[in-house]
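Here chain A shows up in two complexes: once beside chain B, once beside chain C.
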Partner chain A sequence: MKRFRMLALPYSVWMVILVVFPLLIMVALAFLDIQGLDFSTATFTFSNFKATFDKTYFEVFLRSMGYAFITTIICIVIGYPIAYIISKLKPTVSFIVLLLFILPMWTNMLLRIQSLNMLLLPEGFMKNVFGISINLSGSTFSVILAMVVVYLPFMIFPIYSVLEKQDPLLIEASQDLGASEFKTFRKVTLPLSLKGVASGVIMVFLPAATSFTIPEIMSRGKLVLIGTIIEQKFKSGSNYGTGSLMSLFLIAFIFIAIFISNKLDKEGATLI
Partner chain B sequence: MSKIIELKNIYKTFDDKEVITDLNLEIDENEFVTLLGPSGCGKTTVLRMIGGFEDPDSGEIILNGETINEIPPYYRPINTVFQRYALFPHLNVFDNIAYGLKNYNRVFEEIRSNVRKSYDQEKKEIRDKLNNKETSLEEKKELKHRLKEIKAAIKEKTSIEKEKLYEEKLADIESRYDKLDEKLEAKIEALEKDEERVAIAEEKLEALEEKIANLKAEVSKRKDKQKIDQKYKKEKEKLERIAYGYDVDELYKLRKQYYKQRKDEEKSAKNLMMSPHHIEQAVNDILKMVNLEGYGTRKVDKLSGGEMQRVAIARALVNKPKILLLDEPLAALDLKLRQNMQYELKEMQKESKITFIYVTHDQEEALTMSDKIVVFDHGVIQQIGTPESIYNEPNNRFVANFIGESNIIRSIYKGNKKVEIFGSVFDCLDENFEVDEVVDVVIRPEDFDIVEIEDAKIIGVVDSIIFKGVFFEICAMVQGQELIIHKYEQFEVGDKIGLSVDPYEIHIMKVDPNEKI
Partner chain C sequence: MMIKISTRKKLKQVSAVLKAFFVILVLVILYLPILYIIIQSVNADGTGNTFGGITFRWYSELFGDPELMDAIVNTLSIAFISTAASTILGTIFAIGINSLDRKRKQRLIFLNNVPIINADIVTGVFLMLVFLTFGRLIGINYPLGYITMLIAHIFFSIPYVILSVLPKLNEMDPNLYDAALDLGSKPSEAVMKIIVPTIRPGIITGMLIAFTMSIDDFIISYFTTGGGVANFSIWLYTNRKATRFHALPKAYAYNTVIMVLTLAILIIYNIIQRRKVVKN
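Entry: the complex of A and B
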């Protein structure tokens, strides 16, 4: 196997250039007072910490978590039954249904969000075609709707793959031992599929918590989430240091979240 | 013995392929029955129909006199040991075994079954009428209404019976625990009143402590001091128990525990379920029975194949089903383990007095364990009988070939208990054949006798000889047909041997008219 080690080289180089190196720069930026990326005039400082631990940012952070939490819950509630039904379909049919969920993911996410936004405009598609006037564009609802639409497949797939792999003999065994269909679901199918739910939660919660395009477009700039703030820090060009530090904190948070959910997973399905 | 389950005119097709054709089978209580046949013969389908996982296309499954075709598996008093064990990976051994006790309500189902039984006949008649084309629409409507009424009546009667039983159980719990409590109360009172006892113990304890201190003062090493402590430890503890009132505390604790158990039992009695401490006891008992004492908290994926097998058996058996179904449960085990398990299963069956229906394609397994063997081929029963009768008197070519090794020789029945085999006439015990009828004769390899060539009625030439451990397997050619003979003597290839057969070793079968040769 040693001979093939060299095959990993391009990937390693790639990782160093695009992941490790930028991360190091971000760590450096976090401790610098810097104008743009002009390292020649930069000075060492802790002022970025002061700026990051601002009360308003903390509120934004909590708000982001709140939105991500609601999105995740809705995704579980809608996604689990869908995954369950697909797993019970014949293989040929389930393939087609899965394809229906995958297909939109091949379109650019920005396009999808934009068109969704258009649907919700008061003088948009709904008015022209159905004559119904709705005004949901820019609302909180529209942000969550877009998040659910975009991230739902990431909840469905892991749950589906766990359910599909489940031994049907276990269900027979449960019924043989006196548990009705519903009881069998509650006591066997559900606990054994929580692994899939856990990975689905990671796949939905994390991007939802850090998303900036969806709130930006759907709320038409009214809703500010943590992703938006970080984006602004970099985009306005003035505050790379604070932006870097915020990003680092978010990365740390994500790692802690993954670590905890992995821990929960190992303990098995008994926890929830 | 009375019959426990009956299969009547069962037909079953899968994708236009008939797998079970007109099956009729009766199984008695407390019997070890094996369904034996090659893979794909329909034996597993029969098992699954009894378990409720497959519906017959037509025919009836009658359990204890009640038609159970419509009853789902989770209401049937039948449990299964699956081939691949199907243990729940998210539960430990204890919870796997307790699963049935927590979910299956044996007492309630028994009540309900008894109530249902009284309507069984009427329901059957209504269903027949509903299926009859001549029944008018109006009549059908009435009949359907009646069916609904029956359903409601069953529900009502069952709940009345349930209430009755609940009252009985409550009364039983009350009297049991009242007695226990009374006894405890008396004990506690006696102990608490006896102050003298405590005083004496205190005195003695003081004396003992002094003694220990004195003894310790005499020695200097720490080791020796510890030895002294060790020596008097038990005595000291005994005295302390009385002096400090620990014994009374223990009784109070016990009383508390009884109180909790009583509440649990009362709660469980409401649904006629087993209470938690009874479940615990039942699980521990069954673990002992399958030699897995102390395994309760283990994870099932950490068990060996044999242990998983035992857990699977325990999980089914702990529910005390009317029938235990076993679907090739030993197939995945190695030879030695398999042989041990065969005896153990037989023992378990005898001990538990539960009817076992065992499916296998292994004839040796079937012969070892069964009271009764049902030989299957192509969805049709070929023969039902004890292991001896199946082995010694096979019904047809299939059974003779499938069970053990056999030589089947086309012969002619000569009448008067005589049969012509390879041109020589032999005495036999079978009758009931026409004179000059062409028949098949079955002779088992071990039943041939080797005799002097001059006395022999059949002469064969040794074609090959293989050492099989206990005996030699000899293939000998006789008039163009190969015979297999098991003997202790060794021969050389090409040797001529004389063969003879005793009359009682000759079994004659009718020639199957459909058979192609």
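Entry: the complex of A and C
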């Protein structure tokens, strides 16, 4: 099979062009005073650092981490028991329940967020048709709720895939040796499933911290998170210098996550 | 002793009920927005504030909105082309990666994981910067549009195909391929008849993930397109507040159609798979 080695070469080239190259552009942009990508009039500067290390941006950064942290904790608290329950079901039943958790992902994510927002309106469909006025639209709660609804499956799947592969003989052995059901869970099942939890944390925390659609729609334009700022720098405006420096900070965090995930799971089996 | 056993049995029953209740409660919350979408797609009240009876008006009006139709055609064509391209390329690359020595293999798998774990917004900005820079190099000032969005979708789909195919290649006996060559088949024949059938489940999983990611994508598309070329998500994001054109009811209708179609395809695929199992 060695003869296939050359098939990997075009992929290396492709990944260098689309992953490594833009990273280098970003590093360059972070030190430039530049309009768009017009390198001809660009000048070397440290002003992007001054703009980035601003108190308001620091607050935005902390706020994004806070929202992502709360969302991740809720996803673990709900997602772990669900993954555990599914893994204990009969194979045919567990397949159906698992499918029920996958199906919502085939509905457009933006539309799901939008609909969730509509459901929480004080004078909307829920009030007029069912007489239930929820009045949570635009609140912090509604932002977290949307994040949990959208990202929960990404916590359930990696945990489930680890639990499902666990050797049932280990649990039997633990019980034979006199451990109670709870002790078996704490000493055997839980430690062995932490790999899945770590994957789930990465798959929930990063998108939650960097989303700009969920805060925009659910807070009705009030909440600004780090994704909102990057979107403003690159898409609505063209302040690529400051935008690049901020993205580089985010990328530093993301690469730590990729390293951790790579250490835990060399083949990336829990990522899909 | 008898009492103890019966209380234990009861406890088990109670815990089973509690577990089922918990799972169903979470599912209800996950499905509430979807239920809302389906109901609103047939709601005669276009504002969606009350229920005005059942209508199929939004389904037929889908076709009368050229901007929305463009977005839908873009979404579907990009989903199909990028799925086909990333499935073929991803499988070829996976075969290549699998035959590398351990160190190089791990290095490339690491690079392969970057787009999967990376925040969508960063991937979007990355691709935008590459497209703008290359555009400048070949003299196009604003290269963003359909083609760049398509390349972006192929880019973020390939890693999922590779991740689904690699474990199947790992399980495969490498001697099978050599045996086919020894018995006189051409390398291309050996690939198609030995390797591809063995890794087919991985290819299909990768293909399904690629399609799901592409048809739903907003952020990466948003950064890599331009010049008025939109997909459905981008169209929805820009028009979500435009009540005049009944943008939302039409969006609900489109989404319901896609949901029913994917569900139908999934069911048919499963029936075919089951028949095959029974036959064999």
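Keep this in mind: the second predicted complex is superposed on the first by the 244 of 272 C-alpha atoms of A that agree within 3 Å, B and C clash if a C-alpha of one lies under 4 Å from a C-alpha of the other, contacts with A are read in each partner's own complex, and residues count from 1 in each chain.
Everything that follows uses one rule, which is that a contact is a pair of C-beta atoms (placed from the backbone, for glycine too) under 8 Å apart; a residue touches a chain by one contact, two chains touch by 3 or more.
Keep in mind it's a predicted model, so treat the numbers as computed, not measured.
Enquirer: Of the partners chain B and chain C, which touch A:64 in the superposed model: first, second, both, neither?
Expert: Neither partner.
Enquirer: Looking at A:72, would you say it contacts chain B, chain C, both, or neither? Reply first, second, both or neither.
Expert: neither
Enquirer: Where does A:81 make contact in the superposed view: on chain B (first), on chain C (second), on both, or on neither?
Expert: Only chain C; A:81 stays clear of chain B.
Enquirer: Just checking: does A:206 make contact with chain B only, chain C only, both, or neither of them? Give me first, second, both or neither.
Expert: So A:206 only meets chain C here.
Enquirer: First (chain B), second (chain C), both or neither: which does A:105 touch?
Expert: second
Enquirer: By the touch definition at the top of the document, which applies to A:217: first (chain B), second (chain C), both, or neither?
Expert: Second partner only, chain C.
Enquirer: Looking at the overlay, what does A:21 touch: chain B (first), chain C (second), both, or neither?
Expert: The answer is second: A:21 touches chain C but not chain B.
Enquirer: Just to be sure I read the superposition right, which of the two partners does A:254 touch: chain B = first, chain C = second, or both, or neither?
Expert: The second partner, chain C, only.
Enquirer: So, does A:8 touch the first partner chain B, the second partner chain C, both, or neither?
Expert: After superposing on A, A:8 lies in contact with chain C but is clear of chain B.
Enquirer: Determine, for the superposed model, which of the two partners chain B and chain C contacts more residues of chain A.
Expert: If we count touched residues of chain A for both partners, the winner is C.
Enquirer: Overlap the chain B and chain C contact sets on chain A and report the shared residues.
Expert: Correct list for chain A: 268-269.
Enquirer: Across the complex, what residues on chain B touch chain A?
Expert: Touch residues, chain B against chain A: 51-53, 72-75, 78-80, 82, 84, 86-90, 99-100, 103-105, 315-316, 319.
Enquirer: In the complex, go through chain A and note every residue touching chain C.
Expert: Residue list for chain A touching chain C: 1-12, 14-15, 17-19, 21-23, 25-26, 29, 36-37, 78, 81-82, 85-86, 97, 100-101, 103-116, 118-119, 123-125, 128-129, 149, 152, 202-203, 206-207, 209-213, 217, 227, 230-231, 234-235, 240, 243, 247, 250-251, 254, 257-258, 261-262, 266-269, 271-272.
Enquirer: Could you please specify the touching residues of chain C with respect to chain A in the complex?
Expert: Residue positions touching the partner: 19, 22-23, 26-27, 29-34, 36-37, 40, 48-51, 89, 92-93, 95-100, 104, 106, 108-122, 125-130, 132-133, 136, 155, 158, 160, 163-164, 166-167, 170, 174, 177-178, 187, 205, 209, 212, 216, 218-219, 222-223, 232-233, 236-237, 240, 248, 251-252, 255, 258-259, 262-263.
Enquirer: If you look only at chain A, which of its residues touch chain B in the complex?
Expert: Those in contact with chain B are residues 167, 169-170, 172-180, 183, 187-188, 191-192, 268-270.
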